[in-house]
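Common to both upcoming complexes is chain A, partnered first by chain B, then by chain C.
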Partner chain A sequence: MSTEKKHNTEEVRLMKGNEAIAHAAIRCGCDGYFGYPITPQSEIMETLMDLEPWNTTGMVVLQAESETASINMVYGAAGCGKKAMTSSSSPGVSLMQEGISYMVGAELPCVIVNVMRGGPGLGTIQPSQADYFQTVKGGGHGDYKLITLAPASVQEMADFMVKSFDLAFKYRTPVMILADGIIGQMMEKVVLPPFTPRWTEEEIREQTPWATLGKTPDRKPNVINSLRLEAADMEKLNLVLQSRYREIEQKEVLFEEFECADADYIIVAFGITARICQKTVELARQKGIKAGLIRPITLYPFPTAQIKEYADKVKGMISVEMSAGQMIEDVRLAVNGKVPVEFYGRMGGIVPSPEEVLEALENKLIG
Partner chain B sequence: MNIADIINPANLVMEKTKVMNDTPMHYCPGCSHGVVHKLIGEIIEEMDIQDKTIGIAPVGCAVFAYQYLDIDWQQAAHGRAPALATAVKRLLPDRYVFTYQGDGDLAAIGTAETIHAANRGENITIIFINNGIYGMTGGQMAPTTLQGMKSSTSPTGRDIPRNGFPLNITNLLAQLEGTCYVTRQSVHTVASVRKCKKAIQKGFENSMLNKGTSVIEIVSTCSSGWKMTPADSNDWMVENMFPAYPMGDLKNI
Partner chain C sequence: MKEEIIIAGFGGQGVLSMGKILAYSGLMQGQEVSWLPSYGPEQRGGTANATVILSDERISSPVLNSFDTAIVLNQPSLERFECKVKPGGTLIFDGNGFHKFPTRTDINVYRIDATEYAYANNASKTMNMIILGGLLKVRPIVKVENVLKGLKKSLPERHHHLLDMNEKAIHIGMDLIRKIN
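== the complex of A and B ==
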């Protein structure tokens, strides 16, 4: 099949979450992908290599020698005002933390996709959500936050690819799409985003006047840099970042509610776990238990105010995660002791069933 | 004759390149960095490519290179300059993209990025300052520190069984199919400065010819790290560094 034809096939497709990321990246005008193979997300680079976007949109796709090199290639590309991205899974994302911290310090936009697998260490290749802390609390050194979007469907993999670049450039920050092995691997119907052309050099100069495209006589040199030798200058940069985070916390919170209006008990879950817990809510309601579900879509900024509001209305909450309990800390901070907040989770790549979540809800919250 | 008579346009015989700005340099007296910076600035001016050049600065003494040359710069994490340069050149193929790296940056922490960028034949120019020591952090042992050479982390001299051998990474890079021009230069005499300038210019020119990676190693002095006067450093370099890192082209395609 010709490259042109591969691109122009139906907009409504059945595909894996990983494939949706690749298609959406090309369609939203991404300039460069730099990555290193790791399960369970290798289909992202494989799909890109198969689609050969360098022949159509001109997008660069490069297999790097490591995740360390990948994120630093993303740094170089982003420094030129280009829409650059990488993807990996947990161990690879750990290797990228240095680069992410540098990009934050240099105020560079980019998108990082983490299709999480079980850890610690080399771990498993099965799905997990145990990189919540690493992503949301700042995995690299220094004071920073990463805007984090948690897709719960293949559709959201495609949609968030587009949204992430918008947010990254709006706030000059790396954005993380925090998916997991199920979302990456499962196939669902997806409506792909429309084609948006890549920025021309004129558009880049306009949109990102700080980009290193070569110094023209009308301006001073542009320097992409995170080094500030004077402590006062370093604090100034930190204050800029922090004020940006306050704005993000005000404007960019995304979440979804399911059956919360009359709920006595609320489950808080993100990503694929929220899909599972939706079934739990249905099972609970069949048994006469008024359960509801809050799904944070942005893990940072966290829907703190929305969860806090429900703390006055319900008897208890339970955070359900594929980890030992990480997001629960943010739920508890939001609830601030008003009602009990319990936890149920599985680790190491085990996916909880709706039934076992219901059992945990009954045992821990209702008693 | 007063000073106004002397500082007179009619008496002007040489000007600093406009690509170098007036920021006072932080480099120590006798350090090679200043000379190499000047050469790069002169080449950019003579080739008239100021608006087409993007430099990638390392971590190490040259971390502030962006303060001295009036071009666009990206400052890289330690050792990662060739990865940045790869992406910049791939996305802006009509620009001149060079990295400026020391031996610790290029041959220790950045070995993988250096070798793979060169092996892919990225059309970039790598300027490699080899003074056999970590200057910025206060004179620790580098991958290129000579056998028996003293440093703050090899106070009795580099001991091969304990510290391993000096890494001749330029020889290694010359063997890779992706490199088109690999040369070793110095800047300790007028003649060597002129030769080095030609080598750097060739590296810049190569980057537009789709031939692969150019590597210009400049065997350099570090008077502070070596704890010698600038003059003694030059002599010591000729006597000790040159036998281990001999001058000349290793590859020229």
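== the complex of A and C ==
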């Protein structure tokens, strides 16, 4: 889709989304991966272990004893200004929520990859998008937001790995790559990002003046902490975070449109569901139905203004998700009652087909 | 050109690998490709399947509900996917262990007894390549030379001495397949 890049010197490869994440992590100068295996994303750590980056770039790859340990290892590494990441699937990411909230509280950057599977509970191993609320509305406690990128192709798995670290360090925040079992498991063509060396100790000092690297005589000690016993201090941090979120909402929205210019009906979908719905749009157009597709690429910040703009131009919208209906709330907020916003979704690991989405569009919107 | 294919059978018959080899072959001839495996519990002992798309244009959905070509290697897969072949499409089956056979008359049905051949000739490791050969005879969507290039690319070097054996299997499959309707 939109972010397909051609690096002249890089060959086109065929690999799984999970493998692309692993390759891209090494290539973008990641310092450490800490994780615990869970289907459907275990190939991320498997590929990293297979590539043995500790022998090449010096990147650490460690299987922790649990997801709770993983995220706290990420916390520790991030506190030292390192590019640290973890990955898991839905139940494992639930276990990480405390750590994520603590990292926000300590203003620490990191990348978390969630290759979602069906829930609730230990659930199924098949694909799902039912962690939208958890990711976008704050799965842990406190007033925070996670920048969330939703890849829809293997190429984007690689590209977003690089982008996520940039955003994480730019805003000193954890960033989530929210994928699903299909993108993790399917193979597509991919051009991997070029190699960027890991930061040297000197570069870390320069890039992360807040990191705990050992005090030098010319500055006060850096403290990494998420506990602030004075309410006034805590509010001050919250104000800093909120102003950062406003900046993120201004600058970092990413979305993609497909056949929207003359559309009467718009499907809103993210991740693999957007790919499925792109085929639905093709099928609809063959039947003379003017359908279009908006794909939010960043789920937070959400493309509210862009969706709002289309609310004046179309007869209705339908949010299609592999969940009981979560993103639809943000679509409805954007549309603000101007046109009907319907929903179609499958749950628990069932993937909707392009044909059944078309049927839902016809039944619910056109009638 | 766009070919949407489902390959389905028991876990262990090589359906996922066959799909991968097809995808690599498409890559070798510069096409857009997608390979989507069933990775659910069915892979762990039951039926496994892979959806493969080869296309000259960008692929929208890697998830499909109807196919140009279905290759089915066991009874449950025939029952599940015969109805999903587009009218005018192609169905290829290996009749080993089948008690019910394809009934549709609006599609091209081919039989290839690769399992039987493979057991009789001690070639069970290349059974899926025999079937791939059969597919390429009736649907020449990729060139054999590109299949071999793809194999070379996807196989670790320590297995490259097996390339000849795989090439032979493709040609055996081309001779073995026959149209039955």
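Here is the rule we go by: the second predicted complex is superposed on the first by the 356 of 367 C-alpha atoms of A that agree within 3 Å, B and C clash if a C-alpha of one lies under 4 Å from a C-alpha of the other, contacts with A are read in each partner's own complex, and residues count from 1 in each chain.
Throughout what follows, a contact is a pair of C-beta atoms (placed from the backbone, for glycine too) under 8 Å apart; a residue touches a chain by one contact, two chains touch by 3 or more.
Since we're looking at a predicted model, the values are computed, not measured.
*Asks:* When the two structures are laid over each other on chain A, do chain B and chain C clash or fit?
*Replies:* Here the two partners, once superposed via chain A, fit next to each other without clashing.
*Asks:* Tell me which partner A:G271 touches in the superposition: chain B (first), chain C (second), both or neither.
*Replies:* Touch partners of A:G271: none, neither chain B nor chain C.
*Asks:* Contact-wise, after the overlay, does A:K215 reach chain B, chain C, both or neither (first, second, both, neither)?
*Replies:* first
*Asks:* Where does A:L227 make contact in the superposed view: on chain B (first), on chain C (second), on both, or on neither?
*Replies:* In the superposed model, A:L227 contacts chain B only, not chain C.
*Asks:* So, A:V60: does it touch chain B (first), chain C (second), both, or neither?
*Replies:* first
*Asks:* Given the superposition on chain A, what is the angle at the CA centre of chain A with arms to the CA centres of chain B and chain C, as a multiple of 10 degrees?
*Replies:* 120
*Asks:* For A:G79, is the partner it touches chain B (first), chain C (second), both, or none of the two (neither)?
*Replies:* first
*Asks:* Considering only touches as defined above, state whether A:P109 meets chain B (first), chain C (second), both or neither.
*Replies:* A:P109 contacts neither chain B nor chain C.
*Asks:* First (chain B), second (chain C), both or neither: which does A:G325 touch?
*Replies:* Touch partners of A:G325: none, neither chain B nor chain C.
*Asks:* Between chain B and chain C, report the minimum C-alpha distance in the superposition, expressed in whole angstrom.
*Replies:* Checking C-alpha atoms only, chain B sits 31 Å from chain C at its nearest point.
*Asks:* Where on chain A do the contacts with chain B and the contacts with chain C coincide?
*Replies:* Chain A residues touching both partners: none found.
*Asks:* Under the definition above, what is the set of chain C residues touching chain A in their complex?
*Replies:* On the chain C side, the touching residues are 20, 23-24, 27, 32-37, 39-41, 58-66, 154.
*Asks:* Which stretch or stretches of chain A touch chain C in the complex?
*Replies:* 1, 12, 14, 39-40, 124-126, 181-182, 185-189, 272, 275-280, 282, 349, 351, 353-356
*Asks:* Provide the residue numbers of chain B that touch chain A in the complex, in ascending order.
*Replies:* Those residues of chain B that touch chain A are 50-54, 56, 63, 66, 70-77, 80, 83-88, 90-92, 95, 112-113, 116.
*Asks:* Across the complex, what residues on chain A touch chain B?
*Replies:* Residues of chain A touching chain B: 31-32, 34, 60, 62, 64-66, 68-70, 72-77, 79-80, 82, 84, 98-99, 102, 106, 212-217, 221-227.
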